[in-house]
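Chain naming follows the written order as A, B, C and D, and within any one chain the residues start at number 1.
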């Protein structure tokens, strides 16, 4: 993540401006505001704005006049109770807005979360920067044999180098062609005075999916959690998970009790199917259960065995 | 609108608590925060929280690092430009949260606006207050002859008194039966020690639609404007329009440039059908156009005549 | 549920009209079409239209040209796999449209499901019928002591009769006042020639929440399941559960494999919190765990004990 | 658009399968079903499924038992009335499902329409085809001078040829690298037995935005019209407009009265700002109005002049 001096100055200026508000304020989140948190090689997440916190969840659940007079322990338990029983509307009462810089192929997954507000940098209006994603060697992996949408073994050093070289060369080439198509250099000067170049909205089609874009993304806490449950999950593609991991740390600063309840009842919880409940019931009763007598599919049995440390059969 | 002393104290306490924030702050809206603005006879709207303002719209439209360095006039014109061209996503970047007390029949219209977050006072958990809506004499009107969903002439004094007396008596009776069904008085004491009463979730079915409920309602500026365009319109039922009118004044304090653009391009704009455009073109060219030669329906012609001060034919 | 002869004739006519289509057709659901299925004392659900079925889920998941050439068992397992892994978008590819007649207090719960399309009978345009809900004696219950939003013991016969009598009398009284306010009888004739009556949009405010309304409600299969998971649950109020139960039977006729997967992975599944997973792991390993050593709240422990037949301590 | 023989056979088979249904059927739309309608050089739209039509809009607006007994002219006028007064919920009662093949940069614009259901071909699961978009010479244009997001003059023949050659070469190169990264040829055979290749979810990042993807897209008629109003507009990028134009013809086959009302009150209507209404009023009254006395911005004045054939000043 490279910020220019003028960008760093702008961020410092934003952080310096403080004003008085009657609104609920979260000092841990204020500390994070505006500063970019690096993700991947050139990406970042910045907290731009927020509204509410744990207290908004409690307030909405109580629909009371004031902030409530109950003991702190009650509020914390109320939040747990709400999440445990899928009373999710009070969590919609808090919002957060992020400025995110991310590769296009990650943006294409991210945008599928429809209950959010987005304003993306437009390559119809403006020229894209020459910034693209190159994976770490540690994340360059072969197609998984067992998971049709995942990665398997990492590559050996030689193949890693070849792959990275190819990705770098192709991206640089695509960008150079992009400028040719625009008939401009990076400073916006015409390359060839006799040519016109094509419109930005057309030239961008030559850009590949590892290039970075950026957007403002605003979401309520309920949908923020929904995003995290799917994207901080081990089945999510590594690159979007890297963003979700940073968002988890932001969540903790923003609303620590909701965060705690989210880990307990969503992210680290396990959904047991009706048949699995029956299997667990028998196991607890001391009855021996094998894959064959479980009525589960092979894959479900294996997952159950993993979750509860069953002996593999 | 009657607030108890303890409620007024709570509100004063809320208003007294101020803290420093790095977030965008709108002093005109801060002035309104928490204080109930009366609507109808017992209703109110209170501003509970907000996020962003005109500057968030501009920031999202520019997707820039900072708050923008352009001249003020540019931001104001950018907002106009966005609304004029239906670039509505930047307006989703600001949010407002209101605490609203409103009659059930108004709540039933309001809730049809789906892109918003709501937490309503629950009559499954808590006992309803004996507060119901009685219209002003000025708003007690007969069914309209020309508009199947509107009001016509107001009532004479005798009939007005009769109607109000009937509404008051029935509401008081319904509430008294509600308490009987619960087997409780208003303080929560059992009415008859030998009876059990029925569950709150059942007893509430005897309550009529003029009783007040309350909720927290949170919405982004785009959907706030959409609500106002439909509900501050002269075709909206008077009772919900009374809320929309208060919300217009809140809008003005919150985001004056968006408010101004909203009046110009939405609330007070006119959508001309393809055929009407042709009629207006001919009228401007000095060609005489009558209903018969307009190819408009009678109703559309009348509306056009009204909009442009045409001579009635 | 009382249908007039002309209504029954209209329904028979609708059922008689058949035409050829290239669309996916589900004969079990066609059999149900248009016929009202009774719910509560005057309510019903009618299947009005649908689009797609299990095959649409499979088709969307495969994004293939054709209907797929794989074996039947594959499709069934694919649907299970999708639901188990929360790949819910393919379930959005099927839709169903219902005509529902339901009490107002049920409608107020129902409408909170925002991702659906609704057109409700309008009491601004039309006059309401004198139809209201009276619970069965079996469902007239006292407030629950343990659950702040539920029912406890049913009432004895005397109190039951009193309650029903009060509800019936009040509803009839409210309706009679409604007609007085409109200055109309049920046939639409003026009651008093010297009075004007008030507008329908005003008069309806005297109607109580047990009166019936009706609407067309359209939803995709994903949100249909979400509705059922919350409303066919034992914590839902009995009256809305009665509708959910009928919808479960419609679901089975519409998309039997999705229905089966829904029961297995949603309706009858159990979400184990992170702490509960640890408790179950210890229990399976044969370790004695009590409430005190479980780190669960009392309520969570009791639920776990119930789910897995643990001995109460 | 190149379909293989087996694809054409599948489509013919789909079209051949007909069954009886009680549902509303639209023969003009049935005629279109499954057959791909070409868009751009390799794209298409296929109608896969639908639910309802004009009659569903009318039915929902009337919330009646049957299909309505009124005269045909009433239904047509009711639809006009609904759209003219922004009563849009009845239009949500009809749905259509399309199979669309489109370039990635078009897909990125399209997906911003959030109120729709989408299942996209996944390049995590499957290997992309070597199909990319090359503009017609007629659509290869320079950046517009007056419109920061549009096109201006088309290119001369030499530059056109250069641009197309560059785009073709780069796309072929990107695809060839994509296969190298996967270590596969187009038939799925390993290219180099000593290499592993990288996972599909990684390799796809080298693909450029002119490559084609495909998806199933389902939407209700209200949101279908909203899409068309924005994307069939002259300000929309040509490539997405090409899809919108085909969708307009599908709309006409599907629901001719709604289509007609949409043209009249949405697509070809003009929204006059409050200030413009005043200007038009003066013009109709015969008063001379110039830009200087109009209180409009330059751009708004020019648009008004264009709409109503005013003499340029």
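Before moving on, here are some points about what is shown:
In this section, a contact is a pair of C-beta atoms (placed from the backbone, for glycine too) under 8 Å apart; a residue touches a chain by one contact, two chains touch by 3 or more.
Just so it is clear, the model here is predicted, and its values are computed rather than measured.
Residues touching across the subunit C and subunit D pair largely coincide in numbering: over half of the numbers involved belong to both copies. Interface comparison, A-C versus A-D: the higher count of C-beta contacts falls to A-D. Note: centroid distance subunit A to subunit C, computed from Cα atoms, is 34 Å.
In terms of their C-alpha centroids, the spacing between subunit A and subunit D amounts to 29 Å. Counting partner chains per residue, subunit D has residues 89, 112, 118, 122 touching two or more of them.
Across the complex, subunit C meets subunit A through its residues 77, 80, 84-86, 89, 112, 230, 235, 263-265, 268-277, 280-281, 283-286, 297, 300, 307-310.
Looking at the complex, you find that subunit D touches subunit C at residues 7, 10-11, 13-15, 17-25, 30, 33-34, 48-52, 56, 59-61, 63, 65-67, 89-90, 92-93, 95, 97, 99, 117-122, 214-216, 218, 220.
Of all residues in subunit C, only 103-105, 108, 111-112, 114-115, 118, 122, 124-125, 133, 135, 140-144, 148-153, 155, 159, 163, 166-167, 170-171, 173-174, 177, 180-182, 195-202, 204-210, 237 touch subunit B in the complex they form.
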